[in-house]
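Heads up, there are several structures right after this.
Common to both upcoming complexes is chain A, partnered first by chain B, then by chain C.
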Partner chain A sequence: MLLLALVVVEMAYFAHAGSNFFTAGNAAEVLRASVEIGLLALALTAVILTGGIDLSVGSLLGLAAVLMGAAHRDLGLPIAAAALVAIAVGVGGGALNAALVARLGVPPLIVTLGTYSLFRGVAEGFTGGIRNYTDFPPALLFLGQGRLPGGVPAQVPLLVTAAVFFWLLVHRTPVGRGIRAIGFSPEGARFAGIPVARRLLLVYVLSGAMAGLAAVVYAARLGQAKADAGSGYELFAITAVVLGGTSIFGGRGSVHGTLLGLIAVALLQNGLRLSDQPAELAGILTGVLLLGAIGANRLVAERSRA
Partner chain B sequence: MTSPISRYRRELGVAGALVVLLALLAVMAPAFFRAANLRDLLVANAPVLVAAVGMTLVILARQIDISIGSQFAICGVAAGLLAKTGLPMPLVTAGVVATGAVLGAINGALVAGLGLPAIVVTLATMVVLREGLRWRTEGVWIEDLPERFQWFGLGQAGGRAAIVLAAIVVFAAFAWGLRHLAAGRAVYAAGSDPEAARLVGIHPRRVVFAAFVFMGGLTGLAAVLTAIQFIDVQTSAGAGLEMKVIAAVVVGGVAISGGRGTLLGTLLGVTLLGTIGPALTFLGTQAYWERALQGAVILLAVSTDALPSLTRRPPAAA
Partner chain C sequence: MRRLGVVLGLAALALACGGGGGGGAGGGATSKSGPTVAMMPKNKGNPYFVSCHKGAQEAADQLGVKLLWDGPTETDPAKQNEVVEAWITRGVDVIAVSVENKEAISTVLRKARAKGIKVVTWDADAEKDARDVFVDQATPQGIASVLLEHTSRLLGGKGSFAIITASLTAANQNEWIKNIREQMAAKYPDLKLVDIRPSDDDRKRAFDETQTLLKVHPEVKVIMAIASPAVPGAAEAVKQSGRPDVKVTGLGLPNASKPYLKDGVLDSVVLWNTMDLGYLTIRVANALARGTLKQGPAGLDADRLGPHAVDGDHVVLGTPFTFTKDNVDGFDF
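The block that comes next holds the complex of A and B.
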């Protein structure tokens, strides 16, 4: 597969060009950095499979992180409860997207463009643009910065669990088949008896929940929560999904593809940083990679239709 | 035959919201209506209107362009650099419009030529252009611009008049063209049903390409109209512009699914959204809530569009 070749090429190039790239320690760091985007990308896979999209995941992450910080610091909640607040915020945000898309039938593009602004805006308004929540307890910080026996970063089991969950959901349940059917043909899915509105509700709420969970990991990893948390994450998440072979039009794609796409994106960022390349190059190459990926997907689709 | 009231339902709704907002301001913060403030608002929103005209074309054609902010930043920098080479301002403007058109053509080629989805293409070009610009300029502002750069060399009053006039001319020209030229109707046709359009001899892909090119060019013009208001060119200009412009267009009634909407609606949308921000300040609210309000307004506008359909069968997935 083309994507596998890309990953191998990246690894070869960076092993040569970067310092310290091809070590176990660095591999662990690549894994650590990719957990947040990975959580978002897994849920986004289900959303995109229905033919929709969710541009608000990065902003929702920011809002959830900030509200978690406030719940812990200002309301005095224990950190576990505060983390639940983050996930609840994510679920709430996802539900808002879901209600507008599934019940009112508004195109997901414009709904999530609106919530992309709304969530980030509420986070900015709430913190006055400057407030930064920082005193998180060591228990939380371990999740983001610590390592389990064997050198595995502490947040990786979360990603693995989520990956297994989404893989099973999409590839082994009738729900997953329904999700794909909706993306392939919404009307056809309805006539086949699939509860379209309920499935859409599910995928957008899951997307929000993952954003909330990613917010917890983010705050744990950086030790802080500001209104700009998660800025730009939607680009990397969508890139990982599309790179993995999921069609942006819906109906076609896989969770394991997304995981491979995630690795490709994470390797790119990590490798560029270790090769002392400027930070902007990561964004530029990711954008170019995204264009290449949808171009390649398009060619595959044309060929299979011809 | 639909009555004018039902055909322009959305535009009337937005006009109504604007009237309510202005009435609120008249009662609670009459200082808003001072001539200097109104004039500043007019000048600040004129470039937004120009950009919104371009975005209207793109959305009418059933596409979208979220890279407008990055295009705007690059065009602003181009304006400064071109002016420093000694070119007279009319040529600088033409050069920047051309730059914008080229950037638009890149999006257009990928979307119309290769058939790639506009949201993903413009998400990618937004990041590539923005990061590319930052890399190249390292965030340094363009300074030491020639005297004739600011206000087109016409002085503050003359420059302001030129900006507003340019916006009015652009708006009037495109509003007329969309309604009365075959090319204008082609945009509506391609946006509402590309297959049907193709069957009557319209080339939807050419229309889409042209829409992106026009949008780029108009963004370039908007960048010039903004840049000449200051003595330096910020390389970080245009941040958040895509949300402002898309919000204005969508609130003004242009359907995101294409083929429906008017430039009059866009004008009302720009006016309403351009008033909300300053209104917040005059009413004493913190400016940090502006982005949240933008998002809320977008959601409200598209939701009210969809509400009548609740009484009918549940809609299909988008």
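The block that comes next holds the complex of A and C.
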């Protein structure tokens, strides 16, 4: 509710202050620019619901992007196969996180802080920091830059599909209930017969897979894959999740909340630009919104407990 | 009810910030007197670009141009694209970009041109068909030649040097390095380039890389720092190493270099006048928007810079300039 009101206020304000803000063309551009972060945020919602975190998604996006570029250009794979390579790299990276978290019981913050450096480092080492994969075929570039009939950016259906998938998974299946139970209490969940390790494996692998998919979309949108692709995206995605009302301690939260959080942040950045405001302001306001939203949530939670 | 109060309070705060930061930059079409030029640096925090902004603003005030100045504050390669996208949606007459990522930005610049927006690149170029004109600060040959003259003089014509660059992918720096290698092969057979390290346009990183370089390659006697934050970073590292036999030369801003030039650690700094670069870019953008840009040796009237040659889609600011401890006090940027 709180967030919906915020989005409405943002729209009303920027429709007044920005040039060409309230147009279909701009809505399409906002959506287009949000797809990669959105994919990461959806998967992160599931991760954070278990009480975990995945800081490695931005780095994994970069690694998957350059390996996709290499698979296409250096190995000569067709672009569809190269895209599968990116997703496979994502799944592999996610599986590494998953194994360390679920099998060895290392805290996810530490595991993914490690792989955050590891994946980016491998991507930089692999390309020497220099190589930039370009010359992607038109079919891929269409996915990132083209429009479907009706003016919908070509990558948006991917985000919608992923959103439906995660919503059903989290809110309509026993797996989703298990994920939230783990967030409330891993021990309790285990005693309740929930296969905790398997569920944790699932969410981290999904997170990696989404990072791989986001890498494909990123390369398609920018027409290049370089080792610095997606740097800082993990923080934007976590912001969207937390702003969307998911508790960082796990258990509480929703996929639709994450989508609203994503829109709130994306509209803020876009609207400020269209009203000729400097980009730093977006950073300040995002911070203010995040702290405000969390503070408000806390207040509401304390009140309902009292 | 209380919840709603919090929401409204938050929203009011957001609006207050939004309104306050604006400084009167209200709705889009404020004045029809001059063209709206949207200009983007690679990085807004770098003093190099801050001084470009100064010159650009001066020209904009003279010409009645509405200047929008925005760009990345962080190292996200997608950021420049997003800002350009927003400018296309907003609607501007000219977009002028100092390009960080050639391949990535060219797609959106082409899109801007398709929508009838004039595109200028300045400081660093995009792909040729993605822009109308490139405002070049100096030719890579000219820069490489002056840098090598200083290096060779410091080494007495023979010895090893290393380069601290911006990032390993920065297009400008790579072009200079290519020219440095070519001219070394032709004119300086006894100079040896032993290593090229990145600084990511960060002073601290340049400091760390230089310290490592001095340890790994003790034979290096000259550090050539070719990004403006890298010069003071490298000079500080050499100073702290206590090696009087090592000197720094490079390409950077006079103010940041001043103390090290006086110290003697830094021998010389090569650069063009960055304020003039911003000034010339707005002059070109304005002429392009008004359709007054002509071909030929005096195709552009750049007012205080005099007439400039327009050679196809190329306008050059001039020859590089060397700052030394004797002349640096005359400059402040």
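Going forward, the second predicted complex is superposed on the first by the 306 of 306 C-alpha atoms of A that agree within 3 Å, B and C clash if a C-alpha of one lies under 4 Å from a C-alpha of the other, contacts with A are read in each partner's own complex, and residues count from 1 in each chain.
Following the convention adopted for this analysis, a residue touches a chain if its C-beta (ideal position, glycine included) is under 8 Å from a C-beta of that chain, and two chains touch if they have at least 3 such contacts.
What you see is a predicted model; the values in this text were computed from it and never measured.
Contact with both chain B and chain C is seen for A:L281 once the two complexes are overlaid on the shared chain. When the two structures are aligned on the shared chain, A:T134 is found in touch with chain C, with no touch to chain B. Using the contact criterion defined above for the overlaid structures, shared-chain residue A:L113 touches chain B, although it does not reach chain C. Contacts of A:A86 after superposition on the shared chain: neither chain B nor chain C is touched.
Applying the stated contact rule after C-alpha superposition, one finds that A:V35 touches neither chain B nor chain C.
Of the two partner chains, chain B is the only one touched by A:L104; chain C is not. Within the superposed three-chain model, A:L158 lies out of touch with both chain B and chain C [touch as defined at top].
Of the two partner chains, chain C is the only one touched by A:N270; chain B is not.
Of the two partner chains placed by superposition, only chain C is touched by A:S231; chain B is not. When both complexes are aligned on chain A by C-alpha atoms, chain A residues 128-129, 232, 278, 280-281, 283-284, 288 touch chain B in the first and chain C in the second. Those residues of chain C that touch chain A in the complex are listed here as 2-4, 6-8, 10-11, 13-15, 17-19, 21-22, 25-29, 44, 68, 70-79, 81-83, 85-87, 89-91, 101, 103-104, 106-107, 167-169, 198. Residues 64, 66, 110, 114-117, 119-121, 123-128, 130-132, 134-135, 243, 246-247, 250, 256-257, 286, 288-296, 298-299, 302-303, 305-307, 309-310, 314-318 of chain B are the ones that touch chain A when the two sit in their complex. Every residue of chain A that touches chain C in the complex is listed here, in rising order: 1-2, 5-6, 9-10, 13, 17-20, 23, 25-26, 29, 33, 128-130, 132, 134, 141, 145, 218, 221-224, 226, 228-229, 231-232, 268-270, 272-281, 283-285, 288-289, 292-293, 296, 299-300, 303. Across the complex, chain B is touched by residues 50-53, 100-111, 113-122, 124-125, 127-129, 182, 186-187, 189-190, 196-197, 200, 232, 235, 238, 242, 248-249, 278, 280-281, 283-284, 286-288, 290-291, 294-295, 298 of chain A.
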